[in-house]
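First the structure, which I've put down as structure tokens, then a few questions once you've had a look.
Chain nomenclature is as follows: A, B, C, D and E, assigned in order of appearance, with residue numbering initiated at 1 for each chain independently.
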């Protein structure tokens, strides 16, 4: 475990068992998260982003899902091996998580106050009063007006943006080392999205919390992240710092993805589009999972799965195009 | 909320009105003349005609119907043709008997059903889940008159543990105050009678509870399963909350609405008189009261009995609806 | 006279009544009761239905009579096990030779439960009350005594108190079964004071002179009677109290008996007889048979208007088989409408043998060589004479089928059943009768005379010759002569075959072993005066 | 100047809110509140705005899928708002819709073939055999194969379903297509496929689009003219070039500055709006944006700004630019 | 999102496309073991019902009073009843009755319920108010009492019991359909259908009704179960089938008195009712899971 790493994921593999066949949703994912860093995991719907984060939290729905391999090191412990009660101590306390749907992620039948203080009282032996004060403090911290009044309100009385702030407050209230945010802004309007992103950035700087931001929006990535992991069909296909990804994408998928986003700054005559569709998980048994949609596909792409290799510093790619050049070098 | 309640109560009027209409004309379509029934087979034509006149049965149906409605408006439920007593006076003991039995049945059904449902959902696909659900299915598939007879045979005839029928030991009767024997025996400090009453309640209670219990267990399970899959449950778990509290605090409250609906409907059915159970266990409840009235063509009793049962049914379901709003802050009736 | 049994059609089955009334007058008395701890010497009598009312004059159903019989006394009463006449409120009586005057000497020192004296005036009061009856009440009075005052056929011309303890009845025409009739429990003498006091609600506040005093009535549930300490029979009653509880379901009632919750179970289904015998702490009571169960054929409906068809069907019934299967042997096959215990029974009649060939021949002769289709009505409720009408119907259906007669079993609710049958809508119907005064007239005239078409003559059988005989028998005070007339009547009936007489059953009751001196009376209602626990 | 195909004048759509003891109307949601615009033949007209601002309601009211509360809609010189139900049905042949959720808008129990054939049946076009041919041609056109014809919607991926939705809209050879967020449910890589397809079809069939979206990038890419909606009103309307170069209305500006740009090197100032859009059942007085406007003035709180043409073909409703006010 | 591999042989494999949905439902149904057990139970009873005359060892009505109440033996597998009739034969024939009552009454309720439900759901306004209130009234009745009263009006017979059961179930279906119509009316594909200019009636029959079928089938299956029990209950009260019809509830009532003496007479008809009802319930559950994707886990 490197010095500043807070979380280290090695060879994580999580599968779903449907009718007794194993469908791997996350397949050998490795990455490091450093202290105070914001990394992004991007990729299209179904590529395994959420499952990765749930695996880290030990919340993969079981059945049908199960983490079948790998390690997740946190505080020198493999989270995949610790007991459920130990894991409960970590959840929400040291690693917190917020979810995509602010509308449905809060329990509609309990007040905001109740839900935030609960998060505190699970982990801290505080009085209700103390917990309440802390909750109000955090509601203010995430920029919610009328924090005291909000404590007694129900989620449905809040707008989407407010709810997402509450979620963030709830996640941060125990001052976790790591915050996993699974598409925290996808359901929100752009104006609200930019508020939330700014908030996360602020919290990251102020509390030095490491953040894993999961998204499919490359714009969001470029706004606040330092490092980017691109996933495709359960595997990491490219990893690099944010500038490199946008300026020198190496994997054909990453390239295609970046090019197919329409930009508000200028009108392209025609958008680039990657042909075909994202494969059904488990449908591709051998070879590169992008092969069917790849412009540069070679015979070997269909036969063997390329490794994720480092091409330049922290820049890693999983593609035979680069493996070759590596090998030649 | 208040105005919603008022509106619902107003809506009750046409329902009850329609009800009186249907009941009134339907029971008069049943062949057989109450005067004849009352007087028996020895009665002369003349005697029957006299009695008919006395009871107002010789009037055209519509006249009789309007008379009846007029009566109802003054909250007069009429007089039993057979016992010549005001229905409003004589109905209470039957209602109480039914309430008491239904309450016990419902208690059993809810406590067992809800918990079985919760545990099944929590440990989905475990042996408990499978067993509980198969048992529940067998429960709903069981003809309860059969179950009742089997119970009697096993527990009172073979094992002699429980009294086979009725509400109390006739030789040691409960002195009635409220007509709820559990309460009556308690407030008089007669523990022996209380135990006796409880013993009498067990078998019919279970027989009556079987079906609602099974239904409640099933609905609780499916409702819980849905809730357990929801995002906010994941949130609760992500906070580090214990599964027990996730289930019993976060999930149950959310899952309870459909369960409540079912409980409301089932309560209505129970109160509507489980005639078969009441017959088998000689339970002097409202179901048999009305059933007998049908046999005797005791029109006022049938009319008022059904009207009261229906009103209670509708009211219970209204209360259930209002309860939703207490449980779920999103529901606002305006 | 008429019966207890039929009149009350609906009442008896799973019937239940309903009353709230009970509570008020109950509570005080109950307090007393719980202090007294009546458990020890209390008899719990389980039966199929609740009573309808407790004013004996107005009731018609057996379940009411079972109770009133224990609250009231009649002038004369039946013996414990048959219908012979014994003194009761009247210690002696005599009749004039022409049969038009009866003089009763009354018992001295008898008091009603309300403390008022029983005397000749009270008797007169009661008879006057009945004779002036409102037409919608007192059915028994009018049917036993030919209507009310002023009616043409009214029998009791006058009832006079000769002195404090002597009453004289003057009849307008001789009535042979007069004493039999007066002994009927429905003519129990009620307290005039109480009658005045309670008016309409007397039926819920009965006051008589009988062995037991009414205490409480919870409709559909139970009636509680307690010992009359001042009863005129010395040392009686032996029980402290009696509780009549209604348990509609036969099986449940038996379970209650086995479980020891009740002491006597009425209306035990014949099949359960063996079960009771099998229990060491139970005993079986049999009620001497005084009934008839029959299949009535509506004589006005084709093809039953054809005597040959009726006779053919008479040949097609295996009575022995039915008795073995559904009466558990507790019955004897019937060949007459009269049960054998009743004077006038014609034992010389040869029953129609069970002979399907013969039946077919008769059918062919009647013009139905291929049989026909018919409806066979089955009673929906158990009766002592027919514990399970449906099953008997099934057996009949099965044997009729063998002679080509396709019977469809039909049933209605009891009230409807009777009404429709009375209207002559049935082809063939199961029914029966329990005698209530032990007189032949109470069977043959009531059930088969043309006068009673539209009433108890459900089969619409009308024969003028028979009518003349029956009327003659009614007013002839000479018992011998009457017996002859009834024997003659039975011959006519046998030949005309308006019914298929099926059985005379011996109804059974179950009781705890320690119940002693319980006499199941043939009329279906018994006084519990002598009962005690061993 | 190209021909005007559709003209919307002062259209309003209020949804009633029921309640009270007798369930009467106790209020209304002003989903669309006085909207006017016109669409020219062959162009793509975009409607953008935050969720709930009334874009879909506007689109649907045009076709009278919601009956507009007030206002006039003229299509091809026919006044849609006053047509009889029968005439309306005929008009619908020429104006078709594509829906946001490609799954929800396809009947799950019909095969693709059936789904596509239905518009033809409804409008009595062709014999069964011809119709079959037309269906298979159309499938080719939208990039599916005719062997897909016998399948059910759930057997397709999101992008393919949206192609089916598009094919259905094209079956009757309409002139105008109202596309209500046709790509917002799709993944980026699929989104670009669909956008390209729409582009191609526009050329091939000489279609006019009304394109509703909340993604400003997509709108920029595909639209010729854009209307920006806020709380039931169009606050700015202009050609897409002008709008993206130099937005006038403070809301548009804020909106544009909030869009994350997939370019980490690109620096710009964010205009952060405070709070959320007010409820359309209780809109603010004056300018409906004044509660969140960074440049709010006193007048904005009371007086509703007029929707005026500030420059050629550039309409704005804002007091900052109001000519009258400045005079 | 699921994409079918495009290189699979198309045309032939996909013939009978209408069936495809059912095929898929069947596949998911097949996986549900309990549901399959239910189906098998139901099929067995259906088989017994259809071939009753062929397979029963004896006729249902052959009374042999001499052989009454015999315990199960090799000759009479389930013993004989109080008429000496073979219980097995009667139970097998009874399957006909119960299934007949179940199916016919439920189909009756569905037809009437659908008609009223569609009227209410589709036309709304006062039609809806009227019909809905009518359903409310019907539902507020204690259902068993209502059935008893109806039978009392019509006279007790199997047919009338069937009618009574059908009547008391009408509002259940009516409400179901109404709510389905109302909710489907809100679906986007209905808007889409309107947008292509489709007439209301076509929308109703081509879109709304077919999409309401699944819940009706599910509810129908479960209702058959209830109907069988209700028929048995009416039979038990003596308000159902006429003798000697071997209706199970009636068989139970008939043998009630023999519970101790000859328990098999009471035991087997009870088991038959329970099994059949269980079969339908299991099947209904399975169908619900298979046809209603929301219930899938």
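General observations
Here, contacts are C-beta pairs under 8 Å (C-beta built on N, C-alpha and C of every residue); 3 or more make two chains touch, one makes a residue touch a chain.
Just so we're on the same page, UniProt names per chain: A = ABC transporter ATP-binding protein; B, E = ABC transporter permease; D = Dipeptide ABC transporter ATP-binding protein.
Because the structure is a prediction, the values reported are computed rather than measured.
Note on connectivity: the fewest steps through touching chains from chain D to chain E is 1. Between chain B and chain C, the least number of touch steps comes to 1.
More C-beta pairs touch across one of A-B and A-D than the other; that pair is A-D. Centre to centre, using the average C-alpha position, chain B and chain D are separated by 54 Å.
The geometric centre of chain A is 50 Å away from that of chain E, both derived from CA atoms.
Between the Cα centres of chain A and chain C there is a gap of 90 Å. The set of chain C residues that touch two or more partner chains comprises 249, 251, 412-413, 416.
Shown for chain A are the residues in touch with two or more other chains, namely 45, 277-278. Of all residues in chain B, those that touch two or more other chains are 30-31, 124, 149, 153, 157, 279, 291. The residues of chain E lying in touch with chain D in their complex are 1-4, 6, 10-11, 14-15, 17-18, 20-21, 187-189, 191-199, 202, 206-207, 210-211.
Interface residues of chain E, counted against chain B in their complex, comprise 34, 133-134, 136-137, 140-145, 148-150, 152-153, 155, 225, 229, 232-233, 236-237, 249, 252, 256, 259-260, 266, 270, 273-275, 277-278, 281-282, 285, 295, 297.
On the side of chain B, the complex with chain E involves touching residues 14-15, 18-19, 22, 26-27, 29-31, 124, 133-134, 137-138, 140-143, 145-146, 149-150, 153, 157, 222, 225, 268-269, 271-276, 279, 287, 290-291, 294, 302, 306, 309-310, 313-314.
Touching chain C in their complex are the following residues of chain E: 61, 63, 65, 68, 82-83, 152, 155-157, 238, 242-244, 254, 256-261. Within the complex formed with chain D, the chain A residues making contact are 44-45, 159-162, 189-195, 197-198, 216-223, 242-243, 246-247, 256-258, 260-265, 267-268, 270-275, 277-278.
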